[in-house]
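The same chain A turns up in both complexes below, where it pairs with chain B and then with chain C.
Our next item is the complex of A and B:
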């Protein structure tokens, strides 16, 4: 645990010192605000629908930010040579991955917390519950965590940061559009692929509408665990090479 | 103690190292010497638990590197060719991180920090971001992270690489200080550089050990010392060159005395010998009431010993 906490603190510090992270933060807040003003609010809608539209737009921004916040986490260490310090220290690969993951998640959570004024504005003017807002944010955090775990996995694969970003983006896009691809199939394959979809099924049908489904929760936890485990195994395989 | 037995490393189907065997006693400073591609970095990375050997065993401080890597890692400080630095961190924060990640408590890190900053002469830049430092300072920070946890074994891969002459002198002094407390392993492809800091040399070529021993032992092993540089000052009298030459010519084993050059306040002669007659030369100079300023076997001879070892390995392949 100690090593995880040490790595977590270093990564949080790295985010706070990095102009790149602040640019991402500014972009996320700017895009979220602009979309809120230009797409979410206009028109006459039920407040619950307005909140759905907010979470729909925010989920796109979260996926974008998730990739940007995670693709460099391991690949940059390899490229700069700093990975040797971790590799020659008495630290387990799982501690490296988990420390980095929670640091990225903390930064993302802070960004999301800064958007809370938008759903609160909807709540002040409309008829939505705090529970709906809370569930939506839990969904955004889970979706973001899944993207971060995918980004860390991509980052563990290659030294080149651009390539890591591309790999992460490809995996995310594939998982997001599994639902559309599943439509072209029939039977079990269709249902399996739909269940594996990252966004349409597990976010839009549940969290986005303020509905907390256990299966959605389990799905995201499973995705996060799966990609973090892959990252650990990749590091283990590369550590002694 | 470090004990390697039949250590071998393949990259794909290509043999990069071994099988090599060697032992390093506690407190020794050993130089891994070899040309580029000789296997120095591979050997040091295996010792630092950064690379798994394809075959063979290696024990560090009585522990098997593969069986107990984390325990071994606690006892080792490693400076790779490219120092493992975080450019965004300040020197102090980075060293704190390096210490804690190696299992030190915050209190221990704080207690040790002052010593490390003093040893590596980094106190004046401890609050500066590493990315803003010169190459020489970065290399020092690399050494500092390797010693922050006060490891028993210190592994430095090409520590003077890319440094200017002033920085090289500084790094050499730093290594001299580290020798007092640590068992130090240093790699280099520059013979004169490594021979000044190490007690013993391990010459590698094409992944094999070509020779082990002190400078003198290596030279004697391959061919007897046949070239000696002697610097002598004549307290008085005319024609000092002739006086010295006469003394040197009279020494048993000296076959040729070269033309002198003025050096270090005296005249420096390179003499060719048929055996190691440094003791006879010094005795003769002192007996003739001349001042012996310096006596050493020729650096050029040492270089050629190294080249002979390396070329011998090429010939054998």
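Our next item is the complex of A and C:
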């Protein structure tokens, strides 16, 4: 626990000191604001629908931010040679992965918290429940966490950061469009693939509309656990090389 | 580090191809009798059973760490064979033989079981083969080198990793399926009023108010 905490604090410090992280933060907030003004607000709709559109747009931004925040986490250590220090220190691979994951998640949560003024504007000007805002943000955080875990896994695979970003993007795109692919199938395969879809089934049909489904919560937790486990196992395997 | 195992690298490839043909035979040609026998039986089952028997032979013929590696691979192959037997019990032949009445329940339980068993049997083999490499493993080698030719601890760790990944994948599938069936849902998006009022919208919308 102490080792995880040390790695967490080190990573958070690295995020706060790194201009790259602030550029990502600025970019995310800018894109979110522009999309809110240019796509979410125009037209006349139910305020609950406006909030849905906000979460729809924000989910894309969160996916983008998730990949950007995570692809460097382990590949950078390997490229700079500091992975050797981590490997030789009394820290388990799982502690490295969990510490880095929670640091990235904290930064992402701060970014999400900074976008709260947009749904509050909708609440002031229209009539929506606080529950819908809360559920939407829980969904965004879970989606972001899942993307971060995928990004960390991609980062653990290769030393090249660009390649890690590409691998993470490919996995995310595959998982997002799994639902579209599943529609072309039938029977058990269709059902299984639809259940594994990252966005259409578990975010768009649930959290985005203010519907809290137990299955969506469990799905995201399972995906996060799965990819973090893969990352740990990849790091263990790399020790042998 | 290349390792000199008793069995060649291509044995696992033949096993994998056999499994693939078994899958093709059952999924694509399951309704055509002749094609099913050719793909599932000749191209699928024969290589799978043949390689499993081969592993048993290489396990018996070796000793020490080399034997432990062969035994690990044999266990994985045996797991796959058991999974195929379980699959056979979900077919019409299996159901008729066992006289199962509650087909839906039986099919669901056994399908999950054989899918998980195949996963936990195949993934470790894949990772073990990656860790062993192909160099110096072109043919059968029963030369008595003791344990010098292999690094068993490395192979053991990799196979445990494979097992963990396979179980985690199974957990992901099963959890999602159970969560979907036992889902609890709560809609917090609208005020609980008897009828929607004007204040609930900023203006008219083509979408009906729920």
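Throughout what follows, the second predicted complex is superposed on the first by the 240 of 241 C-alpha atoms of A that agree within 3 Å, B and C clash if a C-alpha of one lies under 4 Å from a C-alpha of the other, contacts with A are read in each partner's own complex, and residues count from 1 in each chain.
Here is the rule we go by: a residue touches a chain if its C-beta (ideal position, glycine included) is under 8 Å from a C-beta of that chain, and two chains touch if they have at least 3 such contacts.
Predicted model, so just to flag it, every value in this text is computed and none were measured.
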Dominant contact partner of chain A by residue count, chain C or chain B: C
First, second, both or neither for A:69, with chain B first and chain C second: neither
Partner chain(s) touched by A:3 [first = chain B, second = chain C, both, neither]: first
Contacts of A:147 with chain B and chain C, given as first, second, both or neither: neither
Chain B versus chain C as contact partner of A:17, first or second or both or neither: first
Partner chain(s) touched by A:193 [first = chain B, second = chain C, both, neither]: neither
Touching partner for A:112 - first (chain B), second (chain C), both, neither: neither
Which superposed partner A:47 touches (first chain B, second chain C, both, neither): second
Chain B versus chain C as contact partner of A:85, first or second or both or neither: first
Contacts on chain A seen with chain B and repeated with chain C across the two complexes: 240
Interface residues, chain B side, partner chain A - complex: 48-52, 69-71, 73-74, 76, 78, 80, 82-89, 93, 97-98, 100-103, 145
Complex interface listing, chain A residues touching chain C: 44-50, 125-129, 131-132, 134-135, 188, 191-192, 195-196, 209-215, 218-219, 222-223, 225-226, 229-230, 233, 236-237, 240
Chain B contact footprint on chain A (complex, rising order): 2-3, 6-7, 10, 13-14, 17-18, 80-91, 240-241
Touching residues on chain C, where the partner in the complex is chain A: 111, 127, 131, 154, 157-158, 161, 164-165, 168-169, 171-173, 175-177, 179-180, 182-191, 199-205, 207, 209
